[in-house]
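Quick heads-up: structures coming right below.
In the two complexes below, chain A is the common chain; its partner is chain B in one and chain C in the other.
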Partner chain A sequence: MTDTHNDKETAVDNGRRTFLGGAVGVSAAAVAPGLVLHELAQAAPRTEPVTDLHRWGLLIDTAKCADGCRACVEACEQENGLNLQTRPEGADPLKWEDQRAVWIRKVKVQDNISGHVTNLPLMCQHCANPPCVDVCPTGASFKRADGIVMVDRHTCIGCRYCMMACPYKARSFIHEKVAEKLTRAPRGKGCVESCNLCVHRLDEGDLSVACADACTEQGHGAILFGDLKDPNGPLRQALRAQPSRQVRENLGLNTGVRYAGL
Partner chain B sequence: MARAMHHGGLVVFGLAGALWALAAQAEVVGGFVVEGSKAAGLENCVEPTEYMRRNHMELIRHQRDATVHDGIRSTKHSLAGCVSCHAGVDDRQQPIPINADGQFCEACHDYTAVTLNCFDCHATIPEGSDWNQATAAAHAHMGLTGLITEGTGSEGQSK
Partner chain C sequence: MKRIVYREWRIAPERYWGILAILAGVIAIGGAAALYMEHEGHWVTGMTNSVVWGMPHVFAVFLIVAASGALNVASIGTVFGKRLYKPLGRLSGLLASALLVGGLLVLVLDLGRPDRLVVAMTTYNFSSIFAWNIFLYTGFLIITVGYLWTMAERKGNPFMRPVGTFAFLWRLALTTGTGSIFGFLVGRQAYDTAILAPMFVVMSFAYGLAVYILVLMFSFHLDERPIGERMLKRLKNLLALFVGAVLYFTLVYHLTKLYGAKYSDVESFILVNGGIYTFLFWFGWVLVGGLVPLGILYHPERSKSASWVAAACGFVIVGGLAALYVIIIGSQAYPLEMFPGQTVIEFGLPGDIGGTVAGYAPSFPEILLGIGGVGVAMLITAVGIRVLQFLPESLADQDVDPHAMARSAG
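And then the complex of A and B:
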């Protein structure tokens, strides 16, 4: 019974929180449509700093993810210049495959008992509580206000703590000089990088990501991109309609990428 | 006394000489805009030229943080912008890397003994479309307009 007493003392008054949430919701509702209309009507590059009115995320339906298909991976490589990496002369091809930067990995999971195989693309999960940010000694690993977890390569010292901390093996290190790069995707030796949800697109008001586009084009439609904070948007609707999970949800990271059929 | 005057005169003359030399140098600095670049056909830089000569590094650095951390891509001080306007072209109208010998950024930095590592990562010629307005418009698609509807609430609300 003392427990109950303690509970009362320490328990969070959820009523108050709900009230706060509601209040925030109301003001957000008043502000967001204007902002959003602006974004969509002009698809103009951003003039204002990103805010937490949106949180970008993905829903991946593993049942629709085809075995052997690499459309999302290839689209990501094209979009973000990863295909321009070249194997250093004399480097072992297998080792190079291991070392070259990738933002999406196709992963195949087999249930040992049933033999059931699940395919899924695994990229940065854009955690709300990202361990990579916690361990970064320079603040280069950071979470943008709109939930995108990325590396500021101007402050990254290449220590790779974040790579160790990431439970999803989502980050890559650039081991070699990069001769050719795209204007939209600078890249150079000595820094860590990972999926940034095609941030260059979002910032120009083009609300899409290359991997989801490619998957849709292939007719699979396994990847849905959207705003986790928009209760009536397609992402939240899809999340409501079917059960989904976070990979390693036991870690309590609150990932922005969710998986159905896992 | 006379000697002192004499010395004073020398010193004054020396200073004036130095100033004159400086002024002459200040005139020499400039003219870095390379033939064939977009800039060569334009009157003005993104800010007054004199200001750019002295402060471009501050502008770029500020833009860098604004872009990377706040997603702001509307302002005119982007590094991609410098490259696209200032890169020269060769005889076959192919762009020349902006940090190559004698090219815009390099010529002046060589003269002023500045070394940059920016181009270890950043493209030195306009390469691949920047994700600009043209590509974004060509890409307006996939019913994403429905993505954001009114009443964007906080997550707290959904509890």
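And then the complex of A and C:
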């Protein structure tokens, strides 16, 4: 009787062995990709920390900005997935134009006395003293060390106070459910966003912005991107060569986007 | 002066539960509206990238401002030592907390991401007046509960005056903070002025007192408790004073703006050719919310009638909502002036409004959410006075007025 019992105890339980083997395999399969990704993330940091050695900015030469041309707007929409926004079923088409996100607009103004017409692109002005950053209750609206003003979508609660504070109407609230978006420009219902000077390009070492590229391709060259802190860089040289000003200069915001011929 | 006796609200159960059922219905509809907006996104509202704060903010700011105003009644009794107001203190504290909770709920449910409320409570940017307001609002609730304790509990009585004084100062800070949410927005022509802060304080005096008087009259009327003539006269005189002060601040606010040439366009928009906003300013804010109630409250005969005083309170509330609609929405509808001396011909795509007045029509869900907040405030008040001793048994002159006692004795 005792012997039989001992036999049973030492006998191999094949079912149990298979189960344990399977469990180990499944666990390994579940954990491994995370470990590999973690290793990858550790092994190859995508960027160095952003420093204040640069301050990125734009110079817009309004004399070169062509009437009716929307190349910069379309390039921005492509680059940042804004063209993927779809009007929700039942939304009023005209109202939707003021509800969809827009990072850059073509603006046309006429001088009240002379009648002179000026065209210009208007986007986030990347202020050195941004009112949107001051008013944001959670600090989601922030300025990077290199001067780019953007929104941290993880901490934005969608209060829209930054939109109230922005003097340039540069910010958009995501009014609808987002079906499609680009990895480089994440977007979510209920958060605020605006032009970030194609930050995904800069962080990969590509010192360019989509709007300026498109403008150059069209042969206008009205938008010049560059480093406001580089005294010998093209942006500073261009700024030295001609008078320029800031939109709503009276607010003393020290904008990163400057306009010539305005 | 007799000892003041406080008693629970003793209306018939069917009536009480009927009131609760109606309020619960209002709240449920408001909640459903919020859920709908949250599920679909804000495109279902009238709000756009031009008018980013809509009807929910009108209700929320009204409730928050009225909350701090409602607490004034208690302050007059404890801080300024007016004995006539002492019996009114407990309801004042309760109503203040209830209105604040209602207003905050509306504000939170209108966020793009209300699910991230915990982020707002844990991550602060102290250069934001909003962040400060989170502390001012939660602090107000805590202080008011403490204040109520000092009023209701014998052991707390000695602390009533210091706590009441602190609550009074805190409520001044709170409304200053609420006004500054708008006043510090330098980029917008209609704001950018420090006078909005004291104007909001004065508005809170008027709107809070109007709500207080209505709630007091309603609850006393249903429970057949008396409000003496003298008490009514004092309250209505105080309301008239506050309504007059709101008109005065309105005048100074617009005179300040009119004096500077750079603001003349936005002023003519609000005062002359702004369509619905001009109408709401003159008809709602000035006439219904100001001149009409003043006419009633200073009328030699009508001011003695409780019904007319109640009507005046109603007018003040309607006018207050109109005023906040003009301040909050009118100021956003007016285009941002970015290019002085130039006219904006185009601003992005058609419908993407920048150079012209932005359209805004409040949607039903927004309005229902706002009314739901009012429902929450009223529900808290109704339950509070039912289960706890907030209401004095009588506000008849001989019970609360030492002078009346002296007169009858003499």
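Following the convention adopted for this analysis, the second predicted complex is superposed on the first by the 215 of 262 C-alpha atoms of A that agree within 3 Å, B and C clash if a C-alpha of one lies under 4 Å from a C-alpha of the other, contacts with A are read in each partner's own complex, and residues count from 1 in each chain.
One rule holds in what follows: contacts are C-beta pairs under 8 Å (C-beta built on N, C-alpha and C of every residue); 3 or more make two chains touch, one makes a residue touch a chain.
Fair warning: this is a prediction, and the values are worked out from it, not measured in the lab.
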(Q) Contact-wise, after the overlay, does A:146 reach chain B, chain C, both or neither (first, second, both, neither)? (A) first
Q. Between chain B (first) and chain C (second), which does A:206 come into contact with in this model arrangement: first, second, both, or neither?
A. first
Q. Of the partners chain B and chain C, which touch A:189 in the superposed model: first, second, both, neither?
A. both
Q.
Applying the document's definition of touch, where does A:177 land relative to chain B and chain C: first, second, both, or neither?
A. both
Q: Please indicate which partner A:74 is in contact with in the superposed arrangement: first for chain B, second for chain C, both, or neither.
A: neither
Q: Across the two complexes, find the residues of chain A that touch chain B and also touch chain C.
A: 177, 189, 191
**Q.** chain A contact footprint on chain B (complex, rising order)
**A.** 64, 66-75, 80, 83-84, 117, 120-123, 126-133, 135-137, 139-142, 144-159
**Q.** Of chain C, residues touching chain A in the complex
**A.** 38, 40-43, 47-50, 52-53, 111-114, 116-117, 119-120, 123-125, 127-131, 134, 181, 184-188, 332, 336, 338-339, 341-355, 358-359
**Q.** Partner chain B, residues of chain A touching it in the complex
**A.** 14, 17-18, 20-22, 24-25, 28-29, 32-33, 36, 39-40, 43-50, 53-55, 81, 142, 144-146, 150, 152-154, 177-178, 180-189, 191, 199-208, 213, 216, 226-235
Q: Could you please specify the touching residues of chain A with respect to chain C in the complex?
A: 73, 88, 91, 93-99, 101-102, 105-113, 117-118, 122, 131, 133-139, 155-161, 163-169, 171-177, 189-192, 247-248, 251, 262
